[in-house]
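So, here's a batch of structures to check.
In the two complexes below, chain A is the common chain; its partner is chain B in one and chain C in the other.
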Partner chain A sequence: MVSLFILAPFAAALILNLLPKALTHRLAFWVAAGLALAQAALVAFHPLLFWSAYPDPLGPFFNLQFSLDGLSLVTLLSIAIVVLATLVAGRYTITEESKRFNFTNLVLITLMGMNAVAMTTDLFSLYVFLEVCAIALFILIALKKDKLALEGAFKYLILSAIATVLMLFSIALFLLLSGGVSFSVIYGALSGSGGGFLAKLAMGLFLCGLFIKAGLAPFHAWLPDAHSSAPSAASVLLSGMVTKIPGAYILMRLVTSVFPLNPQMQNLLMFVGVFSIIIGAQGAFYQHNFKRMLAYSSVSQVGYIVLALGCGTPLAFAGAAFHLFNDAISKTLLFVNACCLEKETGTVDMDKMGGLGQRMPITNFSCLVGAFSAAGLPPLAGFWSKFIIILALMQAGKPVYATVAILASILTLGYALVMQRKIFFGGLADGLQQAKEAGIGLVLLESALALVVIAVGIGFAFMYNNFMLPVGEIVF
Partner chain B sequence: MSVEPLQLFWYFGIFIILISICGVYCILATFNLIRALIGFEILVKAATLLIILAGYLTGNQALAQALVITLIVIEVVMMVVAGGIVLWLYRYNQTIDTRKLSNLKG
Partner chain C sequence: MAAIDLILIIMLLLTSLWTVLTIRLIRAVVGLALTSAILSVIMFRLGSPLAAVFELSVCSGLISVIFVTTISFTSRVSKERLFVRRRERFVKFWYLPLILIVAGFLLLHFSHPPALKLPVTPAGQDVRSVLWNLRHPDLLGQVIVLLAGAFGVAILFKEDTHER
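Take a look at the complex of A and B:
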């Protein structure tokens, strides 16, 4: 039954485009939002056994195998929440009706791709569905069809294409080494031979491809450009989930069930993680564009996840999965705030904003919650995941990395405060006398996401025991 | 591996490496958007050839063929989107030179 998660969005996108336009333009949002809600509810309330009880209807036709475990469930839940937020944000910020319809369809296709990535069990399907997401994202970024949007989309396209080629070479080498592309076959072949030169080359190529797609530090150049030129609603999806799928989920899946972690790879992952954390945090400091700053912050937060993966203990994996969820929510919240600010002020330049705190109190508060969660301030969700990651690093005997992670957190707090001061504090800037809260839908969305961040932070023990510990156990 | 497949591996391997170098050079040396895409296509062809070779050497021709057909379809879709973006960029800028694509900075 798990293939329903893939079939339903696909069928919805297909049917919406076949029916007459007058009907579907109004229906599209509700269909898509309903699917995302249904996914969130199904994942949150049904145990793993429920999904394995029914045979998969797709199996006999396509020879594809999907499976679910704790890690997939966390990812599917995050995907559903982020997609729902994206749809609501798109509904209120994209004014042109046909563009909004296209937006909804593309989000549905991305949803299909991401769900499939979260459940697939072979490398080639992984590549196929990653490409499905990426192609939908190119079009989403270029949706405004102005000069900057096209430029951002093209930069993403070229770098994503290079990542694709690296991953393809790696898949071919794995096929050569093991005679198959499924995770279990490759795992068997690699653990048998111990891994010669070709095996290391294949792993390295695949990791490079993933680093590019995730926008990690040496390869992060496309991310701020794509974000600052994309429609804000598309940024919600891109930063909330699409860069975290390769950066966190696939990496986690690979190091647990495809190629086992060895000390060299651990060092590589930890180094890339720390490098991303530092580059992202210091890049964010010098930005004047709100969305560019959030993009750099995104680089830095994915760095934390990769750092935890490199550490390789069960506690670190639980922390990484938790941080995946937390950062997906808080980045979504911050980008929804960017939607509101852009809608009301018509700009994302922080120097032109100021004093919006009195005009937009709810946006002010939710932005504070999102930024403080990203920085890791105690009662909020982000604190716990960062705390677990740092604790795991200390336990594993990596005090240097732990120190860097703590210091970078302070840096994050620094730019979060600078951002708050520039946008919300002080006197009202010129030309913003008309600014007010951006419509009931967006305000509700902001408040809901902020509440989730606070609730996860306070009810941390529940989340940790029910979702994160199973991840750590499945992994080992 | 018997002698003959090993020889085949080396012939094809060297050829694949040559094609890859061509593709990488094409991407690095050009300032033309269309040529960068062509370089990318050349690289994908090298990967395709490697998949076919791997399938032949390990006795998985059917799997390799299925993979390659899927891959070709995806590349076509990607090139269509890329072509659309390049076309619109040309309409705005009247050029497809990458050096003119520097509006996004920071």
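Take a look at the complex of A and C:
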């Protein structure tokens, strides 16, 4: 049954493009949103047993070898929420019907790719589905087709091609070393002898490829350009989940199921994590473009996840998975805010905004919730995941890394406040007299996401016990 | 390593270098086709005839045809402009040949090359059976990649015609 998470969007994309346009252009959003909603409901309410108890519908013909565990469930839930938010944002910000239809198709393809990555148990399949996401992403970034959009897409295309070469070379090395590319075969081969120089080379190459795809420092150059040139609705997907799949989920999967963590790799992950945290937070501070600032913030927040993975304890893993979920939701919320602001003001330049708090009170409040959660202020969701990560670092005897993580949080709070002041406080900027809340759909979406951030923060114990602890237990 | 393999690898490097450094698009396509053709020979010599055929037919043949078709829609640049671009290209990428020479030198003098042993392929599991019988998720992934590519062409190019 788990293969339905890929086959259902695939069938939907095919059918939507075969039926008459007059019908499908209106239906597309509802079909895609229904699929995302069904995925969220199935993951949130059904236990793992439900999925393993029923046979796969294509089992007799196709051996798709997908499987689910606690980490996959958290990722699938995050994917469903982010995709749903992206679809709603696209519906209310992309005005032309045919462009909206194309956008929905691309989101469906990305959904297939991300779901497959979250469930595959094979390194080569993982690479294939990561490429599915990458191709959809090139097109999403270039969707506006102006010079900036094409430049952003081209930068991502080139860097993604480099990442592809590194990852393919690494997979070839693993095949040579272990005789297979499934997670269990590679794990078995590497845990016996440790693998030697070639295994370390293969791990290093694969990690570099992932760092590029995730936009982690020092490979983050493409990310701010991609965000600032992509449609705001596409940025929701890009920042909410697409960069977190390689930067967080795949890394977690690799260090738990493919490469056994060794001290060198732990040091590398922690260094890259803390470097990304600092570079991202520092970069965000100097931005005038709201979306570029959020892109740098994404680099910084994914850095926390990588830092926690490098720490390697069960508590750190639980914190990393929790931060993956929290940052996916809060970044989605902030990019939905960007959609609202761009729709109403026609710009994402924060210097041209000001005094919008009274005109857009719900956007103001939800933006505050998202930014404060990213900064780790209690009792919001982001506080708990950062707290767990810092606690895990202290317990593992890494006080320097923990201190840097705390200081970077203060920096995050700093740029969040600067952003809030520039956009919402003070007198109303010239030319914004007509600005108002950006329509009921977007307002409902940002309110719902803000409520999720608050509810997860207050109901932290429920989330932690039901979703995050099972993830931490994977490493035992 | 036989002398012929060394010659093939050096030719591969030279053609790929030419592909990157040449200023005329059509020459770059020819360079890429040559690189693919030499790579096919190397794959054949490594005992993978099916991969060699794929490389030759798709990368050297089909892709070159698509490139040449696309280039036929572009216009020629003036000789003066071409001269300036050529000079800029060599000034910008002077280090590329140097990197190749240094990397080749280092590889040739690698004192302890790692001993690699190819996994033994079970009888009957050649490329065809692996592709069609064993790698179903990848097959599905490739179908989705094709679908995404088709959407890409339709979205990025089809509407341009309307706008024009």
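The rule is simple: the second predicted complex is superposed on the first by the 469 of 476 C-alpha atoms of A that agree within 3 Å, B and C clash if a C-alpha of one lies under 4 Å from a C-alpha of the other, contacts with A are read in each partner's own complex, and residues count from 1 in each chain.
Please note the rule applied: contacts are C-beta pairs under 8 Å (C-beta built on N, C-alpha and C of every residue); 3 or more make two chains touch, one makes a residue touch a chain.
These numbers were taken from a predicted model, which means no experiment stands behind them.
S.K.: Using the superposition on chain A described above, determine whether A:Val88 touches chain B (first), chain C (second), both, or neither.
M.R.: It touches nothing on chain B or chain C.
S.K.: Regarding the shared-chain residue A:Met112, is it in contact with chain B (first), chain C (second), both, or neither?
M.R.: second
S.K.: Could you say whether A:Val165 touches chain B, chain C, both of them, or neither, answering first, second, both or neither?
M.R.: After superposing on A, A:Val165 lies in contact with chain B but is clear of chain C.
S.K.: Tell me which partner A:Asn289 touches in the superposition: chain B (first), chain C (second), both or neither.
M.R.: first
S.K.: Mind working out whether A:Ile139 is in touch with chain B, chain C, both or neither, as first, second, both or neither?
M.R.: both
S.K.: With both complexes superposed on chain A, which partner does A:Ala381 reach: first (chain B), second (chain C), both or neither?
M.R.: In the superposition, A:Ala381 touches no partner, neither chain B nor chain C.
S.K.: Quick check on the superposed pair: does A:Gly152 touch chain B, chain C, both, or neither? Answer first, second, both or neither.
M.R.: first
S.K.: Going by the contact rule set out at the top, does A:Leu175 touch chain B (first), chain C (second), both, or neither?
M.R.: The answer is both, since A:Leu175 touches chain B and chain C.
S.K.: Now for A:Ser229: first (chain B), second (chain C), both, or neither, which partner does it touch?
M.R.: Once the two structures are laid over each other on A, A:Ser229 reaches chain B alone.
S.K.: Both chain B and chain C touch chain A; at which residues?
M.R.: On chain A, the residues that contact chain B in one structure and chain C in the other are 124, 128, 131, 135, 138-139, 142, 145, 175-176, 178-180.
S.K.: Which residues of chain A touch chain C in the complex?
M.R.: Residues in contact with chain C: 6, 10, 13-14, 62-66, 98, 102, 105-106, 109, 112-113, 116, 120, 122, 124-125, 128-129, 131-132, 135-136, 138-139, 142-143, 145, 175-176, 178-180, 196-198.
S.K.: Can you list the chain C residues touching chain A in their complex?
M.R.: That would be residues 114, 116-120, 135-138, 140-142, 144-145, 147-149, 151-152, 154-156, 159-160 of chain C.
S.K.: Sort out for me which residues of chain A touch chain B in the complex.
M.R.: Within the complex, chain A contacts chain B at residues 124, 128, 131, 135, 138-139, 142, 145-148, 150-155, 157-158, 161-162, 164-165, 168-169, 171-173, 175-176, 178-181, 224-225, 228-229, 286-289, 292.
S.K.: Mind listing the chain B positions that touch chain A in their complex?
M.R.: 20, 23, 27, 33, 36-37, 40, 43-44, 46-48, 50-51, 53-55, 57-60, 63-64, 67, 70-71, 74, 77-78, 81-82, 85-86, 88-89, 92-93, 101, 103-104, 106
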